[in-house]
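Note that the chains take the letters A, B, C and D in the order they are written out, and that residue 1 is the start of every chain.
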Amino acid sequence: MKYIIRKTASMAVTVLIVSFLVFLAFSVIPGDPAVAKLGTSATPEKLVKLREELGLNRPLPVRYFEWIKSFLFGDMGTSYSYGVSVRSMLAGKLPITFCLTGMSFVLIIVISIPLGISAAKYEDTLFSKITDVLNQAVMAVPAFFTGILITYAAGLVLHLFTPGGYVSYRESMGGFLYYMLFPALAIALPKTAMNVRLLKSSVLKEAKLDYVRTAYSRGNSTNDVLYKHVLKNALIPVITFLGMTLSDIVAGSLIIEQVFSIPGIGRMLITSIGNRDYPVVGAIITIVAFIVIFINYIVDILYQVIDPRTRRQG
Amino acid sequence: MKRKRLLNHKLIAGAVITAFVVLVSAAGFFYTPYDPNMMDAASKFAGISLKHPLGCDNFGRDILSRIISGSGTTLVIAFCTVLIGSVGGMLAGAVTGYFGGAADEIIMRFNDAVLAFPSILLALVFISVIGSGKYKVILALGIVFIPSFARLVRAEFIKCRSMDYVSSAKLMGASDLRIMFVHILPNTMKVMLSSVAIGFNNAVLAEAGMSFLGIGVVPPDSSLGRMLSEAQAFIFVKPSYAIFSGAMIVLMILGFSMLSEGLEAL
Amino acid sequence: MLDVTDLNIEFHDHLTPETVVNDFDLHMDYGEIVGLVGESGSGKTMSALAIAGLLSRKNMKKRGRIEFEGTDILNCPRNELRSLQGKDISMVFQEPMNSLDPLKKIGYQVEESLKIHTDMSAKNRKRLALRALSEVELPDPKGIYELYPHELSGGMRQRVMIAAAIISKPKLLICDEPTTALDVTIQAQILELLKKINKRYNTAILFISHDLSLVRKLCKRVLVMYRGNVVESGEAEQVFSHPEAEYTRLLIAAIPKFEKLRKD
Amino acid sequence: MEELVLKVDKLNAWYKTRGTIFNRGENRRQILHDISFEIRRGEIAGLVGESGCGKSTLGKAILSMVKDTEGEVLHFSENPQMIFQDPYGSLNPSKTVGWILEEPLRIRGELKNSLRDELVIDMLRRAGLDESYLDRYPSELSGGQRQRVCIAQALMLKPSLIIADEPVSALDVTIQSQIIRLLLELNRELGIAFIFISHDLKIVYQICDRVMVMSGGRIIEEGSDEEVYFHPKCEYTKKLLRAAGCDQKENRN
């Protein structure tokens, strides 16, 4: 319990630091939004008036707390380019990106864990050697190139889907999920390869430790030793990796959306960077940041559930 | 006593691939078969031929020449990025790891916060504030790479600072600076070397990703990521363009990652 | 009970095969305590692992016979071997820090062999586990039952290991340097404990150590190994007072003596 | 009476157990309690006790390698040195033996190059090695050879006091006695005083003039070797002696 409280406090501190940095980056560094808004029609009087209207004349910390408060209540400001609220712009796009991220995460786990375990179990066999080589190769292919290759192979050659033919989930849930399967696969493949390798080496490393010999000496079968003792220990580094991966996937999906023309927050981010639409960029970055921090928090808690050694000292 | 092997097959394969990639791109600074930006309407989408070994793109530019010069740009960016990241990270990690204390805690908390993010996303934040272009990409990625190196060097320093040889150097009256840079630093080099290789890997990946999104290098510079995004538009007519430029990225990453693993296994 | 004849073990992971155990013979009766002495690399641990049926099957060639109550441990099928391990033959290892699964509660690890070999109810298993824990003189067995290995000291962990090894009342207990990693006073306590267990259950103990003086305290019979060969065997007192092999003499001479060095 | 080289008066030491931002300072654990003793020139004092009793911490605290201490440590000699238990960690793996031995002189900026070499070779020989070791790296040496290099390095600054923290417990039995003999030789020839920290009561008896027994961060018994080994006052000392096979009856005859 103490551990959870401490981790929660630490998460809160990180949230504060990160959001302050984002606030600094997008509200202060790019220059005066009043100047940007008025453009050529700016006169000193108009600027002062607008600044007062926008609350820009107040001290920085006050502005930060105002900003974070309204952000947490869902008011993320107004887009420079479109003049509509950032919230309404994001509303329809977040679920799409979440769905993509979630799908690829599930794919990674479903493919890599059984594969990693069998690669370790059948070490020194042809199967294990083939997985080794495949892993090394697949790992080296960046997700966006995997995406292009999938577009080409599955879309243009095999006609399994129409590249660029995004199906909205409002139109057809099944069609949407089927279309999303391909970009999710593109994101998942390199990470899956990495995880298979990690799990394999982790299992093999654990299998050399003394407690495994103890387990055998009590009459456990090979499978019992693997599933009752080794696996849980071997999963500890895998959880760390999956936590890091999850935040990588979020970033990966921003790029993959571009490859498969999916109208998620990734494409919006790129467009907004191009337009220098700082409220939108800031909002997206902050949301992604909060998600990443939250994932790390969950990973920390998971550790504590799995590994009793972290409970005492933390 | 177990004798460690001096070479392993991963190290050799990684070194060969990396050497090939580096040589090809270095040669590109002096000679490419064609001017990589020379357009030639007559050879638009030309196929593979003796004249154009990898064919031509939508503007009739020679793909081989573009790949060679694009790899050069990508590698230069990766090199500078890793240089900034490793030197900055080394200094920060050495100081925080050796001295510890409150400054260390603050810097590392900040570091952890930054490290939790995918590097490409952070670089995007920078780029969106300072604008894109070759040098700005280097700056953005370089800064973004500092924390990971810092964490690594810090961990090594923490490991070393409690070693008995450091205690005995202190007993003899060696200064902190001397202990940090003469006694401890050489012992972190092995770890540094393999993480520099993996740093190249990440830098290539990040640069390619950013340029692919069109917020990395800007024309007339061309990099592999940028070419891949151009090629994606013509994947219907000319898949080989995308495949060749992508393959070059894959080759680079493969080389650096195998090199890193090979070094680690030494 | 146990009859080992002409045991040979060769490693095959290098280009030239390496013999680690050469013509090892051992006979043990019920309730006997036998010591196996040698320095690191003498093959004593390898022989013990072979007797416990724990040698991995890769890169290794084994010849000879290890007969335990009529079962040939070297060549019997895996299931038959498993039905002995943890039931009739138990083992205690050197490193109490690493020999327990860090993620499982002490209770689970102590009663694991009951779980594998009997269809006892959970309640009965727990009862026996608590009894075994108090038998190895651990304070507060109920509390320890719920703890994890990292919450115990080295000596306590070694006691837990012993409790887990004796819970199914094995006929043979193999102890591989069980006290090397522990402080002297704890060492003495563990030796006492092993003696008690031997008396109470008539458990035969194969005690492996590099420390001749420890072996002398515990064992009636002793085997001295050097580079894979048994160079001397016999009654412990006899070996100690009239060593025949040159190597045994060296070993005895290397025991630090309780006398002044500076007056020589 | 020989002159003092070290006087420790009411030394207390604490380790910080990991605190949080909220309760800093609360979590400090006392390792040493009111330790007082003196070391005279040329004497070998044994410091015995079981693991965790604070004997290593005491050795470090004497050389101000422990941060949180109270009490007085007075050195009456220059450059007291330390020899550590693990010969693998006490030599910088990226430097040659020659470099390691010269380093103390470089730090002091004391000697010219030619004299430096001479001194290095001299100390190396004293430690039982020769100049062929100068260009070797620690990884090429055995545990015993490393410990000899450590001893040579400690000798470079001509100390009058060396604290040896379990210097032989990581070595093979046969090597152990060689190193012990070397220490004894240095004590006799150079008059160096030693604090010999060990858990092995027999080895301590072999070389020490005086013995201090530690338990729970306190020195619970102190006296000449004869007093402590044959007329122990504390129950704990008796128990230790018994466990180590040093009880009187068995070994006196």
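Going forward, a contact is a pair of C-beta atoms (placed from the backbone, for glycine too) under 8 Å apart; a residue touches a chain by one contact, two chains touch by 3 or more.
Nothing here was measured: the structure is a model prediction, and the numbers come from that model.
S.K.: In the chain contact graph, what is the shortest path length, in steps, from chain B to chain D?
M.R.: Each step joins two touching chains, and the minimum needed here is 1.
S.K.: Tell me the fewest steps from chain B to chain C, where a step is a jump to a chain it touches.
M.R.: Each step joins two touching chains, and the minimum needed here is 2.
S.K.: Using Cα averages as centroids, what's the distance between chain A and chain D in whole Å?
M.R.: Comparing mean C-alpha positions, chain D is 53 Å from chain A.
S.K.: Return the distance between the CA-based centres of chain A and chain B, expressed in whole Å.
M.R.: Roughly 22 Å separates the two chain centres.
S.K.: Roughly how many whole angstrom separate the Cα centroids of chain C and chain D?
M.R.: Their C-alpha centroids are separated by 35 Å.
S.K.: Which chain B residues reach two or more other chains?
M.R.: none
S.K.: Which stretch or stretches of chain B touch chain A in the complex?
M.R.: 109-110, 112-113, 116-118, 120-121, 124-125, 127-129, 205, 208-209, 212-215, 228-229, 231-232, 235-236, 239, 242-243, 246, 249-251, 253-254, 257-258
S.K.: Considering the complex alone, what residue numbers of chain A touch chain B?
M.R.: Those residues of chain A that touch chain B are 13-14, 17-18, 22, 25-26, 29-30, 136-137, 139-142, 144-145, 148-149, 151-152, 156, 163, 247-248, 250-252, 254-255, 258-259, 269-270, 272-274, 276, 278, 281, 285, 288-289, 292-293, 296.
S.K.: Okay, in this complex, where on chain C does chain D touch?
M.R.: Against chain D, the touching part of chain C is residues 39, 183-185, 187-188, 213, 254-262.
S.K.: Chain B touches which residues of chain D in the complex?
M.R.: Within the complex, chain D touches chain B at residues 60, 63, 65, 79-82, 84, 86, 89-95, 103-104, 107-108, 150, 153-154, 157.
S.K.: Where on chain B is chain D touching in the complex?
M.R.: Residues in contact with chain D: 163-165, 167-174, 178, 183, 186-187, 189.
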